[in-house]
C-alpha cells in the first residue's frame, strides 16, 4: 500500500515540525521591545520598502527550467526502455534532442542564458 | 523473528506478518505506521545531528583545528546541546510578515526531504517504499522544497531574505535539471528506475566502473549539481554570509531556523545516498566480475555498513568542496549550469544511449 | 570552432585548478597530528607565557610584605587614560615628622591598555607587568584593584619622594 | 476503511483549497493554496497507483508551474498587496453561472452509471509507459513524443522572444519623467 | 614561568543569581539540562568593531579554536545568535545600533564585553568625546574581560565564565528568565 | 527619519526597481563597523555611499591632551594591523623634530618589525579576502601562520597586537635573545606556505573568475583619489615610500616595488601576494646583521617639541600614513593630524564597484584591505 | 481502481474543481490569479482522464498520454503566459486586466 505509506511520511514530517514549533512557541522565554520585530538590516532601520521588484533576470531561468522539466518527464520513460528499444529509441531521442537543442542554442545566441 | 544483519527482509516481513496476525487490519496498519514513522523520525533527527557534528569535525580537520571538544567526550554531545538550545529559544515573528506563509515554509522544506528519504534503500529489506519510478519520484518530491525557500524569503519582509530566496530559487531550479539529467544517464544504463533493481544490477561491479566515461561524467555532474541543490558551498550564495548575512532565513530564529538547517543536512544525506546507490552500488558490496575470493571477502561486511560507508564517502567529498572553494557569483552559477552542465549532460545522455545501443559497456 | 575548443579546454583547466586546491586542504585533513590547536583550559598547567607578556600591572612585594612605591604619582601622570589613582595619606614618622606615604594605589584593570608606560616611568621600580590574563568577571567593580597589599609597608631602601 | 478515509481527506483538501485559491485576496497565498490542490491531486493519482503520473504531476505542477508562478508573483506583487476582486454584482453573476453549470454537469454525471471494467486491472509500470512511448505502431506514441518536443521548442523560443524584448518606448519614458 | 597568579582557577564563585528555591526536583533537573544546553552552545553574533575583533578572530582560528566550546557557528543575523561579543569601542553613533541589534536578538541572549573599550572605554576613557564609557551603559553585560586586547585565551576564559553564569540561571518554576537590567558599577562615567 | 529624507533627496529618485540596502554597521563583510548605503538595481550596484563615524573615537583631539609617548599608545589603536608602522611614524616625527639620531640597531629592529607587521597584516588580509569570497578555510591557514609572527611580537614587545614598542628615540625593550632564531624559522616556514596560498586561492578558477576584470581603477583615478599602498600600486601608481622616501633601514636593503598595470581586483590581490615575498627578502637581508648598540637613546623624561610644524610619512601595509604635528613648544602637541591610507582608499570604492554585482562589491572591498578605525579615527 | 470508491466521486471532484476554476477566471482581476484558475481547470481535466483510464480502460494507456500532453501544454502555456505577464508588468507597472486595456501599441 504505497500511497498510504506516503501519507505516513507526510504525517511524520508534520508531527516533527509541528510539535517542535508548538513546544517552542510556548515554553522558551520571550520578551518584547520596540524594535524586536522590525526587519533586521545590520542594525539600521530599513530604508524605503522592504519589498523589492527584483531583477527580471531570474524568471527567465524559471521558464527555461519549466520547459526542460517537461522534457525530462518524457525522457524518464524513454530511458527505462532504452535498452530494449534499441535503434528506434536512439533515433527518436536524437530527434527529440536535436529539436530541443535548437531551442537551447537559440537561447544561448539570444543571450537568454546570460544572467544580468 | 530471525535477525540477520545481512538481510533485513525477513525481519521487516516478520514484523509485518506479526502485526497483521495479531491485530485488526486497521490497528495493524496504524501500529506499523507508528513504528515506521518513529523509526524514520529518530533516524532523521539523530542522523541530522550526527551530520552536523561530522561537518564540524571535518571542517575542523581541514582547518587544522579540533572542532567541538568540550561538550561530552570529543564534543559528541555538541549538536544535542545545540538542538536543545534551539528548542528553548524564542521564536521571532517579524511584525509585517505574512504569518501563515512564514510558518508554513519550514514545513514544506521538511516535508519535501521526508518524502524523498522514504525511497532510499538502506540495506536489503530496509526500504519503506520501492516504487518502479523510484528515482523520478525522488527528484519530483525534492523539487517541492524550493517553494519553502521562496516562501520563507518572501514572507519575512526583509530585503536580504528576498534577495537570498530569489537567488537560491533560481539556483535550485536550475541545478535540479542537472540532477535529473545525470540520473537519467544512469537510468539509460541501468534500464530501470527502481532502486532495488538498480542496486541488484550492480552485483558484478558498480555502475561508476562499468559505465565507461559517461557514467564518470554523470557522477561528476551529479556531485556538482547535488552540492548546488543542497545550497552548500561553493554554491551557498543564498546564505552568503559576506553579502546577505543569512540569506532567506535571516529572520528565522530558534527551532524554525533549525529546521532549515536540518533540511539542508537531510538533503545532503539524500543526495549522497542517491549518489551512493546509483553510482556506487548502494548497499551492494564491492564486487569485481569473476574474482570469487575477493567478492566473498567483501560480502563479509554487512550491507548496512557498506551503504553508510559510501554515503559518508560522498558526504565527505561534498564537504571537501565546501571547505576548499570560494563561492561563485550568482551569474556564474547560472552560467555554469546552463552553459556547461546542461549541454554536457545532454551529450552525455546521447553517449550513454549509444554505448547501451552498441553494448560497448562492461 | 576555435572558441569551442577553448570552451572544452577551459572546462578541464578549471577542474584541474580545483583539484589542486583540494589537494592542499586534503593534505591537512589527512595529517591531523599536525594540528596546531592548543587546548586552553586543559593545558592550563603547562601554559607558559612569554616573559615580557603584559597581562596586568602588579606591584612587587617582597616576602616581608613590603613594596617600594613611595607614592610619587609619576605613574598616574604617565598613564594615558587615568587607570591609576594614587591616594596618599599623611602619617607621623617615628621622629615626629609628617610624611606623606601611599595609602592606596588604585588600579583600574578594566581601563588599562597594558601599555607599559607606568612601569617604565616609575622611578623606584615598584611596578611590574604580571602575566595573569584570566581576569574575566561578572561584575565590573571587581576590576578595580588596590595594588598595594593590605598591611604592606614601604621597603626601607626606597628613596624618599 | 483507510482508503475511504484517505480519499475523503484528499477530496476535502482539493475542494477546500481550490475554493480558497480563487477566493483569497493575498496572491501568494492563492499560489500556495493551489500548490496544495495540485499536491493533493498527485495524492489522488498515487491512490490510483498511477505512480508515474503522480510524480509527473508533482514535478511539473508543484515543482515547475507553481514555482514559476511564485517567481512571477515575487516579481510583480507586494507582500501586503491585496488582489482586487470583481465588483459584487459581477461576482454574484459569475457565481450563479458557475453554479448553474456545475449543477447541470453534476446531474448529468450522477445520472449516468459508469460500469467500471473490474475484471482487468493490470498494474502498469513504467516500462509499459516507456514502451508505448517509443513504439510507433497503433498503440505507440512516438509521434506525440516528437510533437511535444516541437511544442516545447515553440514555447521556449516564444518566451525568450517575449522576455528578451527591449523595454518599450513607454518604459523608457517612465524612466525619465518620473 | 607559568601563570604568575596563584589564584584559584575557579574564582568568581560568588552568588549573583539566587539559588534555586522551591519547585520540584524535576524542574531543577530540567533547568540543569536546559542550562547545560545553553551554556554548551553559545553562538556568537558576528560583531566586531576594533582591534579586539582581530583577537576574537584569532580565538576562533586554528591555534585557539573556540569551536571546542561549540561557539564557532558565528551567525550574521541576531535572530539566530545567542551571545554578542562586544569587541571594541562603542561610540555614541554606534550605541543605538548596538542596542537595536541586542533588542533584535531572540531570548535568551548574553553579552560579553571584551577588552578595555567595551568594559569602560579603555584607552578612550579619559579624553575622548565620542566613546561610550563602557558598553554596559547601552546593553546589560554579563561578563567583562579586561585587557587591551585580551589574549584569545582570556576570551576563552571569559566564555567559560559566561557558561558558569548561565548554569546558575533559573528558567522554570515561578521565576521566568528575565532580561537583566544594566548594572553600572565600577568607576563612574565622566 | 531625517536620514530617509536625506537619502530621498540625495538619490535622484526611488524608482520601483532601484532600492537601497544597508551594508553594515554590523555586517560580516565590512570587517568592522563601516556602513554602506548601497543603491542597487537587481543585483547591480548603482551607487555606494559610505557612512563613517560608527567607530570614531576622536583620537586626533585626544592627542592634544597627552604627551608624545602617550600618543604612540593611541596610534597603536588606529590601524591596529600596522600598529608598528603607525607608531614608527610618530616616533620618527618626534625624532626629526628634536633632531635626534637613533642608533643603527634601532633602525634595523624597526625595519624588521615593520616588515613582520606588514606580513601579518597581509596574511590577515589574505584570509579575510578568502573568507569574503566564501573560501572559509583560507581564514584558518592565514591566521595559523600569523600566530608565528604574533609570537615573535609577544616575545619581544610583550603584546600581540597593540605592541606599543616604539618610543621617541628608540624602542621600548631590546630584542629578545630568541628573536633572530624565531624570525629565521618563520621566514623559512613561511616560504613553504606561500606557494600553498597560491594553490589554494590564487590559482583557483572560481577565484580568478570572480576577480579578473572586476573593480577597475585607472591610474588617473588612483592618483585623483589618492589611493596609495598596494591598492594604488596595482593601478600602476608608483607610490612606495620605502623606495621614494626611505626611512629607518630601508635605504640599506634591496627590494622591488611591486607595480601592476592591470588595475583590477586580481592585480590588487597579486600585488599583495608578491609583496609578501619582498617582505620576506627584506627580513632575510637584515636579520643576520643587526648591529650591536643601544636600543634607545636617552630622552628627557618630559619630551617637548620645538615650536613648529612637523610631518612624517611611512608606508604601512595599507598605504601612505602621515603624521602632522603642530607644536607650540609645550609637552602636548597643539594639533595632530593623521593622514590615513584607508580613508582615501575607501572613497575610491564607489568608482570601482559601480556597475558590478553585490558579490563583487564584497570582493573589491576586501582587496582594498580596509581597517575601519584607520579610516575613522 | 480504489475499492469502495466509485468513478463518479472522481468526476464530482473534477467538476467542482473545474467550475471553481471558471469562477476564479471570471472574478479575478489579476493576470496571475487568472492564470492560476486556468491551471485549476486543466488539472480537473487531468483528473478525468486519469480516472477514466483507470476505471474504464485499465488495460490501455490513452489516459496516461493524454494527461502527459495536457501537462506539457499547460507548462508551455504557463511559461509563455508568465513571460507575457511580466512583460506587461514591466511596461505598465501593473498586472490588472483593467489597466491592460490600454495595450494599444
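Note that the chains take the letters A, B, C, D, E, F and G in the order they are written out, and that residue 1 is the start of every chain.
Criterion: contacts are C-beta pairs under 8 Å (C-beta built on N, C-alpha and C of every residue); 3 or more make two chains touch, one makes a residue touch a chain.
Since this is a predicted model, take the numbers as computed values, not measurements.
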Any chain that touches subunit G and subunit B: A, D
Length of the shortest touching-chain route, subunit B through to subunit C: 1
Quick note, more Cb pairs in contact for D-G or C-F? It is D-G
Provide the C-alpha centroid distance between subunit B and subunit D, rounded to the nearest whole angstrom. 28
Averaging C-alpha coordinates per chain, one finds the centres of subunit E and subunit G separated by a number of Å equal to 57
Round to the nearest whole Å and give the separation of the Cα centres of subunit B and subunit E. 38
Go ahead and note the Å separation of the Cα centroids belonging to subunit D and subunit F. 60
Quick check on subunit F: which residues sit in contact with 2+ other chains? 16, 19, 21, 25-28, 43, 66, 73-74, 77, 137, 139-141, 144, 147, 162, 200-201, 204, 206
Within subunit G, the set of residues that touch 2 or more other chains is 68, 71-72, 75-76, 78-79, 82-83, 86, 90, 93
Going by the touch rule set out above, which residues of subunit C reach two or more other chains? 18, 21, 24-25, 35-37, 39, 41, 80, 113-115
Along subunit A, where are the residues that touch subunit B in the complex? 1-2, 4-6, 8-18, 20-21, 23-25, 27-31, 36-42, 46, 50-52, 54-55, 58, 61-62, 64-65, 68-69, 72-73, 75-76, 79-84, 86-87, 89-90, 93-94, 97, 100-101, 104, 108, 113-116
Subunit A residues touching subunit E - in the complex, by the definition given at the top: 28-31, 33-36, 38, 40, 43-44
Would you mind writing out the residues of subunit B in touch with subunit E in their complex? 56, 60, 63-71, 75, 77-78, 80-85, 88-92, 241, 245-246, 249-254, 257
Which residues, counting only subunit C, touch subunit E once they are in their complex? 35-41, 44-45, 47-49, 51, 55-56, 58, 80-83, 108-115, 130-141, 143-144
The subunit B residues in contact with subunit C across the complex are 58, 61-66, 69-70, 320-321, 323-325, 340, 344
